[in-house]
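Attaching a single structure in structure tokens format; questions to follow.
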Amino acid sequence: MVNIERNLCGIRLENPFLLASGILDENGYTMKKVMEDGAAGVVTKSISKEEKTGYKTPVVVELEGAMINAIGLSNPGIDAFGEEMKLAIKCGKPVIGSIFGSLPDDFRAVAIKMEEFGASAIELNLSCPHVVGVGLEVGSDPVLVRAIIREVKGSVKIPVFAKLSPNLSNPGEIANAALDSDGFTLINTVRAMAIDPHARRPVLSNAYGGLSGPAIKYIGLRMVHEIYRETGRPIMGVGGISSALDAVEYMMAGSAAVQVGTAVGMHGRKIFKELTLQLTEFMKEEGIASLDEIVGIAVKK
Amino acid sequence: MVNIERNLCGIRLENPFLLASGILDENGYTMKKVMEDGAAGVVTKSISKEEKTGYKTPVVVELEGAMINAIGLSNPGIDAFGEEMKLAIKCGKPVIGSIFGSLPDDFRAVAIKMEEFGASAIELNLSCPHVVGVGLEVGSDPVLVRAIIREVKGSVKIPVFAKLSPNLSNPGEIANAALDSDGFTLINTVRAMAIDPHARRPVLSNAYGGLSGPAIKYIGLRMVHEIYRETGRPIMGVGGISSALDAVEYMMAGSAAVQVGTAVGMHGRKIFKELTLQLTEFMKEEGIASLDEIVGIAVKK
Amino acid sequence: MIRARINNVRHETPSVNTLTFTWDHAVQPGQFAMLWMPGYGEIPMSFSSTGKEKAFTVKNYGLTSSKVLELVDGDYIYFRGPYGRGYTERKGRSLIIGGGSGMASLRPLINDDSYGIVSAKTRSELLFRHMFHEASLMVATDDGSEGVKGFPVDILKDMDISPFKNIYICGPEMMIFSIVKYLADKRPEAEASLERSMKCGIGVCDSCSVSGFQLCRDGPVFSVGEIANMKEYGHEKLSFSGRRVPVT
Amino acid sequence: MIRARINNVRHETPSVNTLTFTWDHAVQPGQFAMLWMPGYGEIPMSFSSTGKEKAFTVKNYGLTSSKVLELVDGDYIYFRGPYGRGYTERKGRSLIIGGGSGMASLRPLINDDSYGIVSAKTRSELLFRHMFHEASLMVATDDGSEGVKGFPVDILKDMDISPFKNIYICGPEMMIFSIVKYLADKRPEAEASLERSMKCGIGVCDSCSVSGFQLCRDGPVFSVGEIANMKEYGHEKLSFSGRRVPVT
């Protein structure tokens, strides 16, 4: 028998596949359903202190093997989100609260509420590539990154993960600034845009958005490998995963668990069950008893 | 009749399609052949002061709609490259000399020779994502970027283009540091890696390489759009172009001309003739008489 | 993004136009597209014709749809799709129950053996009524300007529905909700196309979800039996920013 | 990267092994793969068998190929391909001229109606000689340990080549070059598979180019007429770093 369970900083996952932040995780009923359909847990949509409307449509561009989104971090604010957390947590599986803001104080306030609402961990979104004043603009400043993580770590008991962007000149420097966290989530979307050649203008209402899906897999693998080699910390790998082999590659690069986003749109919620089946099959064929045998194996070599 | 000619800082191009640096441009005979087969001109492989061996094989990973390469900037050194330039220039079309190094002095010495050999322009490779001490490591430091461009501009009369990386936290800052150049080439490859799940190790001998091809098109479009909006300078757009529509999108984002790399591998040298035909067709259908009508049109909107 | 040239603009009611265009692609009745008005916005729109000539039938609700109503013959439209799961088409007599612009998605299902319950706020807004034989049509209006003053469910309750092999429903949430409650134990296989605000259309943004189901992917068409089990339907939904609000 | 399990390792000569493996994919004679030895390197390798069971026949030249020679039955091989343009297969009597490991790419072409000129440095290195009828085989060795002491072109010059519908050639550059010069005006449609150092195999790196043609894409098989027009062939090539050096 093969063992596909994971222990992520004390959080038990029945399989390595979590739902990534921003995909089907605004509504508590939906989060519950995704877990019932096979995800080991979910990461919520990124939540801020105050309600945020986000961008006008179009907010997504559907591409061959990829998509670009600029939802604009719309969210109802942390207080209103308590109701959704209550609905989601009923499922009994871990719910990781993703949060964002501009200053350490914002992050702290939201993190404390998330813990109260029953989140199993906090994920700090330091990496949204298309909203001014938050996300990547925060996450590319090592001083701010260090301060945010100190502040949050000092206020909650649950593990804290720093989600970083691939749009960094020097990811190692930011990872080092984030070492007070318990681990990393890598990667967020890559800053991108689409232009319609007939309409002669950008498609997204915000022009710029974040590229996700299979097109970014090899960028994500690189970043997981780099940061695992640099820090050895637990990593949730994310970016373009749509098959168990993709996930295996991410684990070999150093991911303790993985998240799936765009592929849920491409293949439906049923992808979680399929991934689990495929992974079990792969492990049997390759004679792998536990995923611990492969996590980081491509880094040591 | 439609006019697909371009004037790039005084360099006349019979069509907007140039061969990108590093693809089929090490051997003078090959460069000549690519131009005979329809390219408006070529950018040479990046050349340094001294000979450089590059990495051991595997140096490429072939993917669905993309590739990763880590050739390692192998080149015979600028002196030996004179022979190849002589062979290429016989064709009569513009040959742009791509050069790289670590310090402003290296760049100057190589640029002077390139001009002597008959290059129509210089492209400064400030952006190779996978070789230590050159490329991106140079091109992410605004002080060094400014110094290199000053040094080169002070020593040659031909136009100088700065080729930047998409792996920058703040591309605007680097673009501003590069304003003494005549224009930009955007983008170089995106730092990436592939892992073989059966062999359980990175595929490339260097582990990390640069992602190119259709997967990076939307990243390139975004960067061209950003830098054109910021600087208004002439831009050679490059990254994932494999159809005339792709090129049109790049021009609408602000490219004065475009370069084609990976798609030459995917479709063969004949792609240049096909692109020219497709572009002429598109312009007729859309009632565009000259490409000047569309360059940057998606930025103004 | 798909671009098509409008063959014809037809004024259906004072606030509704039908745009026809040629697009050679298979579409099931009930499927929809995301219709983009460059510079304005992108909105979900059912195909009101699914033959070789396709159509959208658009009601002027607000920002984006009002721009669509300004389009004339020969203009271009931009859209992506088709998306979603459409109606199950079965042979036999059908009852088609539509409210307001909801008639748009039902239109490809109307044939010689169809009976209709068409409703709207007022008589001038009754959509596609002329596609039914006069004897097969029942009408309800909010203001009583034609037919029954009231809602389709009122007509339905007075009817013998046993002759209908198929029942198809589309319209505002409260209209569908009342019909679902009535039909849940009688005709659970009847189908309704649901509406919620949609941002992505491709099952990622969660804005269209009802009780865990994504309307854009799992629907928009569901059976009455399925809908009856959706706790959120008819009660609560999320606002554009994700705030839980009651459905009215 | 494709992974396959080795069915069988066969020692062909003291320095050459053939590895067979099952891979259900169409391959033309003359096409090649990039064979990866994880941790060592990646090298171009012709398919020496193109049926359902495929094979590579590998000579120990250096770093990577010597590691391939250490593989045993049941080990895995990793490769990508097939790449390139293979030989044109035409019915009728064929003359097959192979030098050293060059015989590998020619092997799938050998049939009952094939004549062979097989050459090598010394008799123990003669590859696939037993695939020809004894009466259809001519041999040349550098050291004269068997057959003619000299080169295949010497045998060719003494032959009547008119009965051969096809002539196929593969081997070291100077061997092919001498034959091309001899056949250029006599049999321009004869075909040879060329070898140059290959880094990418997919037409981007320029390391395999001869007079503007990429061997990995446009070749490795060219007609003698085409090769005769390649100014670089037999004269100059680029080193691993791209330095122009004479061919010896």
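For clarity, chains are labelled A, B, C and D in written order, and residue numbers in each chain start from 1.
Just so it is clear, contacts are C-beta pairs under 8 Å (C-beta built on N, C-alpha and C of every residue); 3 or more make two chains touch, one makes a residue touch a chain.
As the structure is a computational prediction, the values presented were derived from the model and not from experiment.
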Distance from chain D to chain C - Cα centre to Cα centre, in angstrom
66
Rounded to the nearest Å, the gap between Cα centres of chain B and chain C is 50
Mind checking the centre-to-centre distance between chain B and chain D? Centres are C-alpha means, answer in whole Å.
36
If I count partner chains per residue in chain B, which residues reach a count of at least 2?
198, 201, 301
Multi-chain contacts only, two chains or more: what residues does chain C have there?
39
If every chain is a node and every touching pair an edge, decide which shape results: line, ring, star, complete or other.
line
Which pairs of chains touch one another in this structure?
A-B, A-C, B-D
Which chain A residues qualify as touching chain C in the complex?
22-27, 29-30, 32-34, 36, 45, 51-54, 56-60, 62, 67, 69, 71, 74-77, 80-81, 83-84, 196, 198-199, 201, 203, 205, 261-262, 264-266, 268
Spell out the part of chain C that touches chain A in their complex, as residue ranges.
1, 3, 34, 36, 38-39, 41-43, 64, 76, 78, 80, 199-207, 209-214, 217, 231-232, 238-244
Partner chain B, residues of chain A touching it in the complex
63-66, 68, 136, 140, 166-170, 190-195, 197-198, 200-202, 207-208, 211, 214-216, 218-219, 221-222, 225-226, 245, 248-249, 252-253, 282, 286, 294, 297-298, 301
